Amino acid sequence: MNSQSAVMVYEPQAVQAVSREEGLPGDFAIWIFIFAEMLAFGVLFVAYAFTRAGNVELFNASQQTLSQTAGAINTLVLITSSYFVVRGVAAIKRGLSEQCAWWLSGAVLLGGVFVAIKLVEFHAKFAAGISLSTNAFYMFYLALTFFHFMHVLMGMIILGCVIAKARRGGYSARDHVGVETGASFWHMVDLLWIILFPLVYVIR
Amino acid sequence: MSTTFTKSMARNIFYGGSVFFFLLFIALTVDTTYALPKRDNSQNLTPSVERGKKVWEVNNCIGCHTLLGEGAYFAPELGNVYVRRGPEFIKAWIKAQPTGAPGRRQMPNFHLTDEELDDLVNFLKYTSEINTNKWPPNIEG
Amino acid sequence: MQYKSQAVAKPYFIAAIGLFVGQILFGLIMGLQYVIGDFLFPAIPFNVARMVHTNLLIVWLLFGFMGASYFLVPEESETELYSPKLAMITFWVFLVAGALTVLGYLLVPYATLAKFTGNDLLATMGREFLEQPLITKVGIVIVALSFLFNIAMTVLKGRKTAISLVLLLGLLGLAVFFLFSFYNPANLVKDKFYWWWVVHLWVEGVWELILGAILAFVLIKVTGVDREVIEKWLYVIITMTLITGIIGTGHHYYWIGAPEYWQWWGSIFSALEPIPFFMMTVFAFNMVNRRRREHPNKVATLWALGTGVMAFLGAGLWGFLHTLAPINFYTHGTQLTAAHGHMAFYGAYVAVVLTMISYAMPILRGRAANSPKAQVVEMWAFWLMSVSMVFITLFLTGAGIVQIWLQRVSDTPMGFMAVQDQVAIFYWMREGTGVVFLIGLIVYLCSFFVKSESKVAA
């Protein structure tokens, strides 16, 4: 036991030095999951593309019923929130916990805007009697956007935890792996939407 | 310190990820539940069909046969046997077991009453009308 | 052993092995009935042999999990088991209930068994793997609660490690999902939908947590690799398990009357289910390569590595082969399914229980490891069983491919019974290899009785 803690006292600085000079930001474990996420979404996107190729007219017709305006606003909202997250990470790199927390809170707020708009969209579809079983397009539309929607919620929770810890002074200029990890997840969520929006809402 | 932090991050992802997917699964289950009435032939779930399902269960038919592809692989698929053979054949077959043919796989005689046979046949008819997305590929099941 | 109460694991392991032997004997009976159709008819019809075979499998694995828990939890928690007495009472209740149930299957027509055991009160009998009478199912719940209580109280009063928490979570999940076996609606689609909440969420869900925890425990002991490293990877692996396996349940929902979208969701997520098994194999080999000690129990290490490989092949690879909906359309409910089922169960769960027994039994008998001679005998058992299982799987795969071609794909499909005649040769070869498996199992039993010239000190 004693020798183990002795090892652990010396290790952290070595590991941190590595992550600052090279390697991926945040903890390596999160990147395994980000990889898995990209894999899952990637396959879904490809599946959408293939199915669309076999049902072009159906997909075009159903796609008309989507609100491109809502989608476009949501894209802006997420991109802006990612910018806020970038500012938040920059702040903690300079040891400014309070500022970091404010930037991240802004990002979460924008996330909330995204969620609200999406809920309005979903409600409109369900009220019109559309569900996963209506047709292939709606299956993909609802499945993809709902799956993404849940990731946005998850991202908001993760950022919420980071904000709470930042407010408590849990991060410093030297030690803020959690902030970078949460940021990476949020950027992934944003990136997925940037692919999803044109693919599902726009491309005919 | 970093190593401990990494393990607890992995643990948090585990809890978060599991809850996430469990919730998603529940959402899909709810949707499935709403979608079922259009596919599960439940409008034909009569008391006779219910009794027939009991006959199917207490005689452990699934112990040799498959139903919609699930069960044992010793004897034929029965999800579509109503279409493949018809009610009279099914009843006669069950009454005539075992065949006693040497070396052939044997089915016991379950001493079913006429009512039980009718109920069982109704159950198999109901099963054959469930929307299974066109499974099985052909009549042989 | 470090804690006296770990001794209760021994009867659990012995019962597990005994029931394993019973399972294989009935498996051989069934294998013969596949080709000599009236073998033992009407004394033991095929369906009776089958329910004995599958139920024994599940029960012996449960005895194995319980024994593993009683051994590793006190050691992980650094405290004695909460109640060794309760553990022993639970043991006898489970064993007697199990024995009576099997006797019920064998001695009484199933419909009669149903009538006299309260099936009219709540009909839970007659579904695959859940053939147990109502009273047995209730008994299982009581046994599970008693076991969980004992283990949980032990963890609560001692050190909480990732391994014991993951194990406990897996066991809790096992108990909770078993409750769905009491839900048997008249609606056949709903019946099947929720049946899989027991079966899939067990073997492709919470049981993998149990598997991971046991494997991690044994690897820490035999390799000496830092706990932090092993436990971190345990979390990553089980996360991948649930992330893929929960929605992966959908690969059972393609053709049972559920909506079509399950073909997409089920295919995509279940295609990823091999990932945790792949990671487990890499994990096991990696830890052994990075080992910091030469543990005298070499055969336990062999079992640990074997678990990874066989589980990946049987559950991961063979599972993947028939998980995508367009392929599954043709392979659903064929000998390919049986092939996968056998190697998956052997590779994942039989192997991990035998890994644990291999590690723990010598300690329970007062030594760190068995003598080199005994270990060699056990290694022979490992190879005989594992290689014969690979061949059993290959032969059933062959039977399955021919069956699929003749009965499902062909433009002029043949009837089921005619096709079975066509693939009889595969069944004969499977039965032969099944006998080799039994020989391996007998060699395994012998390994416990090999007299050692020099014992390795505990």
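As written, the chain order gives the labels A, B and C, with residue 1 at the start of each chain.
Basically, a contact is a pair of C-beta atoms (placed from the backbone, for glycine too) under 8 Å apart; a residue touches a chain by one contact, two chains touch by 3 or more.
These figures come from a predicted structure and were not determined experimentally.
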>> Taking the touch definition from the header, please name the shape of the chain graph: line, ring, star, complete or other.
In response: complete
> Looking at every pair of chains, which has the largest contact count?
Replying inline: B-C
> Taking each chain's centre as the mean position of its Cα atoms, how many Å separate chain B from chain C?
Replying inline: 23
>> Please tell me the distance, in whole Å, between the geometric centres of chain A and chain B computed from their C-alpha atoms.
In response: 40
> Approximately how many whole Å separate the CA-defined centres of chain A and chain C?
Replying inline: 38
> chain C: which residues touch two or more other chains?
Replying inline: 228, 232, 236, 239, 243, 259-260, 265
> So which bits of chain A are touching at least two other chains?
Replying inline: 8, 29, 33, 132-133
> Can you list the chain B residues in contact with two or more other chains?
Replying inline: 3-4, 6, 10, 13, 17, 24, 28, 31, 35
> chain C touches which residues of chain A in the complex?
Replying inline: 4, 8, 29, 32-33, 36, 39-40, 43-44, 47, 132-133, 139, 143
> Any idea which chain C residues touch chain A in the complex?
Replying inline: 226, 228, 232, 236, 239-240, 243, 259-261, 264-265, 268-269, 271-272, 275
> Within the complex, which stretch of chain C touches chain B?
Replying inline: 33-34, 36-38, 41-42, 45-48, 50-51, 110-111, 114-115, 119, 123, 125-128, 131, 162, 184, 186-193, 228-229, 231-233, 235-236, 238-239, 242-243, 246-247, 249-250, 253-260, 262-263, 265, 329-330, 332-335, 337-338, 407-409, 413-417, 420
> Taking the complex as given, what residues does chain B use to touch chain A?
Replying inline: 1-6, 9-10, 13, 16-17, 20, 23-24, 27-28, 31, 34-35, 38
> For the complex, which residues does chain B have touching chain C?
Replying inline: 3-4, 6-7, 10-11, 13-14, 17-18, 21-22, 24-25, 28-29, 31-32, 35-36, 39-42, 45, 49-50, 53-54, 56-64, 66-77, 98, 100-108, 110, 126-127, 130-133, 135-141
